[in-house]
Each structure stands twice: as C-alpha cells, then as structure tokens.
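Letters are used for the chains, namely A, B, C and D, taken in the order the chains are written, and counting of residues starts over at 1 for each.
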Amino acid sequence: MTRFDPRDPDFESRVRTSFARQGFMTTLGARLAHVAPGEVDIHVDHGESLTQQHGYFHAGVTASIADSAAGYAAMSLFAPGFGVLTSEFKINLLNPAQGPLLVAEGRVVKPGKLLCICKADVYGGDSRAHVATGLFTMVAREGLDD
Amino acid sequence: MTRFDPRDPDFESRVRTSFARQGFMTTLGARLAHVAPGEVDIHVDHGESLTQQHGYFHAGVTASIADSAAGYAAMSLFAPGFGVLTSEFKINLLNPAQGPLLVAEGRVVKPGKLLCICKADVYGGDSRAHVATGLFTMVAREGLDD
Amino acid sequence: MTRFDPRDPDFESRVRTSFARQGFMTTLGARLAHVAPGEVDIHVDHGESLTQQHGYFHAGVTASIADSAAGYAAMSLFAPGFGVLTSEFKINLLNPAQGPLLVAEGRVVKPGKLLCICKADVYGGDSRAHVATGLFTMVAREGLDD
Amino acid sequence: MTRFDPRDPDFESRVRTSFARQGFMTTLGARLAHVAPGEVDIHVDHGESLTQQHGYFHAGVTASIADSAAGYAAMSLFAPGFGVLTSEFKINLLNPAQGPLLVAEGRVVKPGKLLCICKADVYGGDSRAHVATGLFTMVAREGLDD
C-alpha cells in the first residue's frame, strides 16, 4: 500500500467536520472509525431500519458507507478549500451483508488534483466476510464547503 | 422500449410485499410510485436525515432507491418462488440531487432466468434534473423469500 | 434525446483526424459511420482476427469500439485545443456479439468542461441484437493533441 | 491473497487451449505469462497497431487483456465442461498505458459455481506504472466449448 502525504495538515478535522454534517450518516448510525492520509474506515451497527427484505443490510447501506469512506479517503488528500463530490462508482456485492457490524474501508488508489480514484472494501458478519468491493471516482471542487 | 410479459400474474403484489419488508426503504421514507412488468419507480422526499454535507440528497440515497427500483423491476419478471439479489451496479452522478422529490425509475434492459440486467435513472429538483444513471446486474435465486 | 451545440464548428474534422490517428481502430478495421454533435457511431466487420474462443467478437472488441464511439461523442462537444481521455467505463454484455457487422453508438449523456459522461450501445447480428450497453467518463485535457 | 483449489486438475491446459482459440489475442500479440488457480497474467508488446491518438496503448487494448486475464483466472477454477463468458466489467484508467510492455494481472476475488467475481490490474511503462484497475463478473456456462 502506497502511503500518501496530505496537502493539508488539518485533514483529519476537516474530514470529521464534514462527516458530522452528513445527516444521512447520522441516520445510518455510521461513525468514523479510522482517518489517515488516503484512508478512512466507517462502521455501522445492524438494525431493522437498515435491512432489505431478507434481514441483511440493504445494498444501499453497503454502498452508502462505502461511498462516504471512499469520498473522505479522497478528501483527506485535498488541499484546503477543496470539497469532495462523487462522480461515479461501481460496487460488487460478494456475500450477504450480515450484522452485527458492517465495516467499510475506503482507500485512495490514485490521487489527483481534480480527480481521485478510490476503492472501498466492505466486511460484515461474525467471521468478517468480504461483503463488497467497489471503485470510485471522486472530484475535488474548489470553493465547495467541506 | 420493449414491453415484457410477466411470468407471474401476481407480480405486483409480490413486489409490494417484498418492498414493505425492506426496513431501509421505510427509513428513507421511500414509496413505490409505479409497478409494471419490468418497470418500477420509487419516490423519496427530501429531508435533513438524508443529506450529504452540502444539503443535497446523499449519493447513497440516490444509489439506494436506484438499486431497489432496478431490483424490483427485475423481480416483476421472475417466476413465482424466485427472490432477487443485487450482484453489482455502477452509477454516474450527473447533477446535484436536490429536493423536494427524488424519483428513481428502474427498467429491465435484458431479462433472463438467472441474471437480469437493469438500468435506473434518477431525477430531482424543481426542474426534474437528471441526477444519476446506473446499470445493475440482478440475480434470481430460487427458494429465496420474496 | 437532447441536442447539443458544439463549441467548435470544426468538430467533425477534428474527430475524423483524431480517429485516423488511432492505429488500433485501423487494426480492428473500424470506421466512423456517423459524426454529429454529441453522437458518434463506429462500425466493424466480423473476422477471425477479432474473435474470442467461440467465434463471436471478443468482448474487448465490443468494449474498444464502444470506448472510441463514446470518446469521440464527447470530443465533438469540446472546445478547440482540448483532447479526450477515457477516465473509466463500465459495460454490460447482453448478447453474443455476432457478425457480420458490429455497430457501436456513442452518445453524450451529460456534457461538461472537464468531465463528459457518455453512454454507448452496441448492436450485432442479422437481427441487430443488443450486444452491450455501457457508461463512460471522459476527460477534456487542454493542450492535448487531437 | 486467498489461494484457490481448482475443480479440474487439467485447468492449465484448458486455459491455454481456449486462449489459443481467441483470434483477437493473436491479433494483439498477447501471450499467457502466468497461469495458476485463480490467477492469469497476460503480456502485450507495444506497437503502432495498438495505439490511440497520442501513441499510448488504446484503452480498448488495456481493457481487452484485462478482460481475458480475468476471464481465464475465473475459468481456471471452473469444473470440466464449463466455459466462461464475460457478463460485465468496469475499468478505471489511472495512467497513460506506455510501452514497451503492458501487463494484465487477472485474479479471482469471489469464486462461485455460476458467477465468478474477478479483478484485474494493468501495469505499463519502464517504471511499471499502474495503468488500470477493474472489476469483472464472469459467468460459467455448462456445455460451452472451452
């Protein structure tokens, strides 16, 4: 794994402030479990409010925390004053997303001034099964609020 | 647009029953606005609980209702006794997902006994902007509860 | 289908000149069959040199002409002096890619100064079956040769 | 990296025989550089016949060898009598695909009887830059010729 140098020494507080503004992460009960340059992990506990029809985490929950983990992994490398937007992503769902805990690990694959390519892997279940893997294109937008 | 013949005349009630079991759709305040063979629309109202850091719908909300719309579009064509699972999807976010209403239109592109390829387009904002477009691979699984 | 206004009245000659420089399109025997603002079609004839193990067009051929069709659809809307690069794409293969003719239709979905989102559909066989559908992110790069 | 047990002890000869039947791989000058259970590498030399308009390998070449590497990685784990088809893939192009050598490394992420999820990474240039990364859904089809 390549290590990245952040352009902004205050990257962690910017990531945490922005995350706290995502009302949807609060709705999911999601929390930032790890923030490092180019690396962000998000955790979510299982509950009936997050399920699909068979009782597993909904694919949308898996995708949502994978997206936020990848987006904040990207933003951790942006210069001050640049916000992050998701341009596109693709995700493969590999195993049923079981509780009690869903873990998304977002990692930067290729940093860039305007585009940042990330991946995210999601794990769940008692045996930490590989629930999903995805690729994300994140855009740095100047003047966008964190 | 090709029209499809459902294998199960009761497809609509199966779709509605399964949708009602998705706790996550309730959490989003999502509702089935249209159910026809190979076609399902889902609507969600804007609210602070669904936002990303700039106040728009979170990309995860957009992806979640696109995924459910595509999945139930697929399931509407399945034989009785076959449930639906998302295998993978890819989504491009084209414009900010603004309220008051987010509309996902799931459509079957290529039906199949085991795999069903779908697309979904999402619209939002006062002028019904094109918020997102995605491609989905859905799997029919026998013996899976609806 | 939205109609687009080209930023460069000479878009067609720029597209044709650039296409002629793609040695790989010559290798495939590919030709530009349609060039309009935001729209490019590419045709390829079947031959043993383009096959996978069952005699159909290789998925790589399908993806290659879909990528070039989408890329030149994007470039047709770029200002003079901007070249095109593919950032990423996703393609679903829907039916066997049969001869005698493979047709890729690239269309711009969302134009932009830096990013241009496109789709491409590919058709083949005597009955013009829907062989593939894909989504593409194209990047406009200033100072890049056509 | 998980190690996989092949269902067919003759997997390597089946992979090599099928690869030899892909006329398109011959056209690209592609060769199998590594075949192991769940792992296939493909190499291609740079030449003008494989270029896009700026002289790099065309994205279609990158995608083509990534697709074949991923497909044969999947097939290496299939039972005898099952052929492989690509259902869909997504690829991010990270750096210009420079010669002299393009290397695609296909790896199985999640094996399955019917669906096999794979990834492929492509490297090129003197410094072995990371040219592309992709995710693939492969289908096992009984009775399909190798």
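The rule is short, and it goes like this: a contact is a pair of C-beta atoms (placed from the backbone, for glycine too) under 8 Å apart; a residue touches a chain by one contact, two chains touch by 3 or more.
Since the model is a prediction, treat every value here as computed from it, not as a measurement.
> Given that chain A and chain B are copies of one sequence and touch, is their interface built from the same residue numbers on both sides (over half shared) or different ones?
Comparing the two copies, chain A and chain B contact each other through largely the same residue numbers, since over half are shared.
> Which whole number of Å gives the spacing of the CA centres of chain A and chain D?
29
> For chain C and chain D, what's the span in angstrom between their mean Cα positions?
22
> Considering chain A alone, which of its residues make contact with at least two other chains?
Chain A, residues with two or more chain partners: 87-88, 90, 92, 117, 135, 137.
> How is the touch graph of the chains shaped: line, ring, star, complete or other?
Here the contact pattern is complete, since every chain touches every other one.
> What part of chain C is in contact with chain A in the complex they form?
Interface residues on the chain C side: 87-88, 90, 114-115, 117, 135, 137, 139.
> Note which residues of chain D are touching chain A in the complex, please.
My answer: residues 90, 92, 94-95, 109-110, 117, 119, 130, 133-135, 137.
> Along chain D, where are the residues that touch chain C in the complex?
These residues of chain D touch chain C: 18-19, 21-27, 47-54, 57-61, 63-65, 67-68, 83, 85-93, 144-146.
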